[in-house]
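Next up: some structures, all given as structure tokens.
Two complexes, one shared chain (chain A), two partners (chain B, chain C).
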Partner chain A sequence: MRRVFAIAVNTFRETIRDRVLGVIVLFALGMIIASLWLASISLNQQARMMKDFGLVAVTFFGLVVAVFVAASLVHKEVEKRTVFVLFSKPVGRTEFIWGKFLGLAATMLVVLAGMGLFLFLLTLVVAKQASGWLLVATALIYLQLLVVMAVTVFFSTVTSAILASVLGISVFVAGQLSHNVLSLSRLGSGVALKAASWIVYVLIPNLSAVDIKPTVVGEASASWASIAAWAGYLVAYIVVVVLAASWVFRRKEF
Partner chain B sequence: MLKRSVSVLVALACVAGVVAYQAHAGTKPAPAAGDPNVFVPSPKFYTDLSPSSRTSIADAYWLQMIQYYGEHWKTDHRFDALPAMVDLVTTLSPRFKQAYFFSAFALIDAHRPDLSYHYLLAGYKANPTDWHFPFYLGFFAWTYAGNEDRHHVAIVAADYYSQAAKLPGVLPSVARLAAALLAKGGEKQKAIETWAAIYGQGDKYSQQKAIAALDALLPPGKHERISAVAALRDLMPASQYSRFVGAIFRGYQ
Partner chain C sequence: MAETTREHATRDVLVVDELHKTVAVGFRRRKVEILKGVTFTVHEGDVFGLLGPNGAGKTTALKTVIGLMRPTSGTIELNVAGLGELGYLPENPYFYDYLSGSEFLELCGRLFGLRAGTLADRVAELLRDVGLEEARDVQLRKYSKGMLQRIGIAQALINDPRLVLLDEPMTGLDPVGRVEVKAIIESLRVRGKTVLFNSHILADVAELCTRIAIMRAGVVIWSGPVGDALAAGDGDLERFFMQVVTA
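Let's look at the complex of A and B:
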């Protein structure tokens, strides 16, 4: 556990100092501020536009950070051969993967918390209509991005960094559409097709189970029970994927 | 030194070129309004595609819709795609009240008051506690009913105003409108009862209006008026009833 913590702390320090991360976060804050302009041309819908487009910006830039940093995380260590120095010490490969993942999760926490609080305060100051749901939504976006990060880390253990990034983004998109796969499994006529669609439905992370953005703008009312169940599902999914990544990484030959 | 001066000159020339190009581009006349027949996807496409992002998509189309309306209102007054845009925004975001209110008036410019009425009804169904919906429905029923029987239209409009008058936050004038329209529609007894209720619940101004309206609606004969006023006893608090009787029989011996 201490070894995992040590790797996590080092990963956090390494990623938080990354200039690319800083540029992306600054750009995200710029986009959130740009939502003020959109709000100004929305016929008195300032608060709604700021919340909705602000959350879209948080998700989009969070996704960019999650995917590109997660894809290069393991690869960089292997390419620079620093992984060999690490493995010459009493550090297991599973501990390495968990440490890397948790370090990046801490970085994402700082990034998402920063963006979420900034959006909350901006809505509070400008539109005077900030709602606590904005912070809940940011926390749930964080969990969704952790899923994408875990999947990207998994792919980065078996393929190149670029391909892992592409696959990570694809999984994020597929996660938004998972209910369509379920519809397909219901529509299919053959048992094999139905079974295959159902398996795909279970494998793809369900990233649209709770209407969180509609809840933030007062369009839907998500219950705390459904939010808690979904958060539990996402955490369980993350654990499974990181365990799978560790399992694959243990069998990897350098 | 010379190298540096050349670099600075090149940089300044480039900056001047960029500024000059943009300044020239800015002098061109504004582009003509686009085709009024723009493609608008079906709302089902988006609800199937990404239900959790439906409000973000609705907001993006809301911005496009008001831009489309403004652009064509300033130029050719053609709003062919407006009904589809309204349908998309209100289907993706059924509680987006401003979209219904804006669309109701914008669709009048598109010569589709029937759709204004349709979307206000849909909005009322999705937002049953907002008094603005029945209020606008009453207004649209009264104003854009065309050649329909005016008495019937007045009663329909009065019914919407009465519904609005029962909702929280409503303006006191809405109940007065309902009562006035009931009288216009020939529903004399209902109009009398509504005015009496307004007297019982309203402010001083509403009470003055109610007395004036009831004075015209109630029978002038003393005995008939006494029995008509007695029937209104339950429509207002007892403390106000005696004042009401005093006001309505002012000038009678």
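Let's look at the complex of A and C:
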């Protein structure tokens, strides 16, 4: 556990000091500020536009960081041969993968917390309509991005960094639509179609289940029980995917 | 350094016997046998030089010993308490750009389970030994090649290992860097450590090593005391090396 912590701290330091990360976060803050302009041209919907556009900006830039950093996280270590140094010490492959993942998760926590708080304060000061749901929505975006990171790390152990990035983004998009797969299966009558739909539904994380933007803008109400249940499902999904990545990585030679 | 001036115990720290390694390369996964029965023994207190032309299998042999690769067949007998008593410097080392020298060594120490107090002392001691005290807070991306090589050696020694494996520790260094790295290896010998290193720089090997093994095309074609090699080459290790690899 201490070795996992040491690798996680190192990963956090490495990623948080990377200038590219700073540039992306600055862009994200710029986009959130741009929501002020959109709000100003919307009729009586200022607060709603700010929250909606702001959360989309948080998601988009969070996704950029999650996918591109996660894809290169393990790959860079192998490519630049820093794994030679780590695995010549009593470090297990599973410890390495968990350490890298948790370190990046800590970096993402700082990035998402920064963007979420900035959006919250902006909404509070400008529109005077900030709600706690905005922060809950940011936390759930963080959870969605952790899933995408886990999947991207998994793909990066079996393929190139670029392909892992593409697959990570694909899983994010598919995760927003996975509930539609189940709906479609109800339209057909074939057993094979239903079985295939269920398999796709189980394999692809249902990210839209924790998307509470409608609640944030006052269009719907969210239930805490439902949020907790789906959050638990996504955490379990992350654990399974990271363990799968560890299993694949254990078989590698350098 | 003459073999006769060296006194070392004959306990074997590393015994490599009939080591084979085959890897699959390319899209068609073509099998290539890199190691074809490598056999050599490193005694405690040895400074052992593993020599050979490019592609002889030296780096693969070291990687297999350290566990980065799995042997296809053959045995590796390591008479040390696992990786905890082993230090390793990879060839052309690359470390984390955004960590400072001391942060990197602290990370390596933590991976060996060193406690905070002991670790701080150990890091300070190693930075002093490799001459990087001044650069302890400088990020590694700003280090020169020689400085990276020295921090690489420091990380290999963080756990005070009994056996130190150095893959091409002198490659790419300027004369000053080479002298510094040689001094570090010599100090390890004085402290009774066992050192196994690869090198193409035969003058350094003649100066530092007690015993050598010469590899060609995946097999060891000669091994023995460096004094014997020097005697057979009329005092010139390069001449002996050429005789052996071209025979």
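In the analysis below, the second predicted complex is superposed on the first by the 250 of 254 C-alpha atoms of A that agree within 3 Å, B and C clash if a C-alpha of one lies under 4 Å from a C-alpha of the other, contacts with A are read in each partner's own complex, and residues count from 1 in each chain.
Quick note on the criterion: contacts are C-beta pairs under 8 Å (C-beta built on N, C-alpha and C of every residue); 3 or more make two chains touch, one makes a residue touch a chain.
Since this is a predicted model, take the numbers as computed values, not measurements.
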Combined model on chain A where chain B meets chain C, clash or fit: fit
Just to be sure I read the superposition right, which of the two partners does A:253 touch: chain B = first, chain C = second, or both, or neither? second
Output check: A:18 vs chain B and chain C. Expected answer is one of first, second, both, neither. What do you get? second
Quick one: classify A:88 as touching chain B (first), chain C (second), both or neither. second
Going by the contact rule set out at the top, does A:80 touch chain B (first), chain C (second), both, or neither? second
Between the C-alpha centres of chain B and chain C, what angle is opened at the C-alpha centre of chain A, expressed to the nearest 10°? 160
Looking at A:44, would you say it contacts chain B, chain C, both, or neither? Reply first, second, both or neither. first
Smallest separation in angstrom, by C-alpha atoms, between chain B and chain C in the superposition: 30
List of chain A residues in touch with chain C within their complex: 2-3, 5-7, 9-10, 13-14, 17-18, 80-91, 253-254
Would you pull the chain B residues touching chain A in the complex into a rising list? 48-56, 59, 62-63, 66-67, 93-96, 98, 102
Residues of chain A touching chain B in the complex: 38, 41-45, 48-49, 52-53, 55-56, 176-177, 179-180, 183, 207-208, 210-214, 217-219
What residues on chain C touch chain A, complex-wise? 23, 63, 66-70, 82-84, 86-88, 90, 92-99, 103, 107-108, 110-113, 152, 155-156, 159, 165
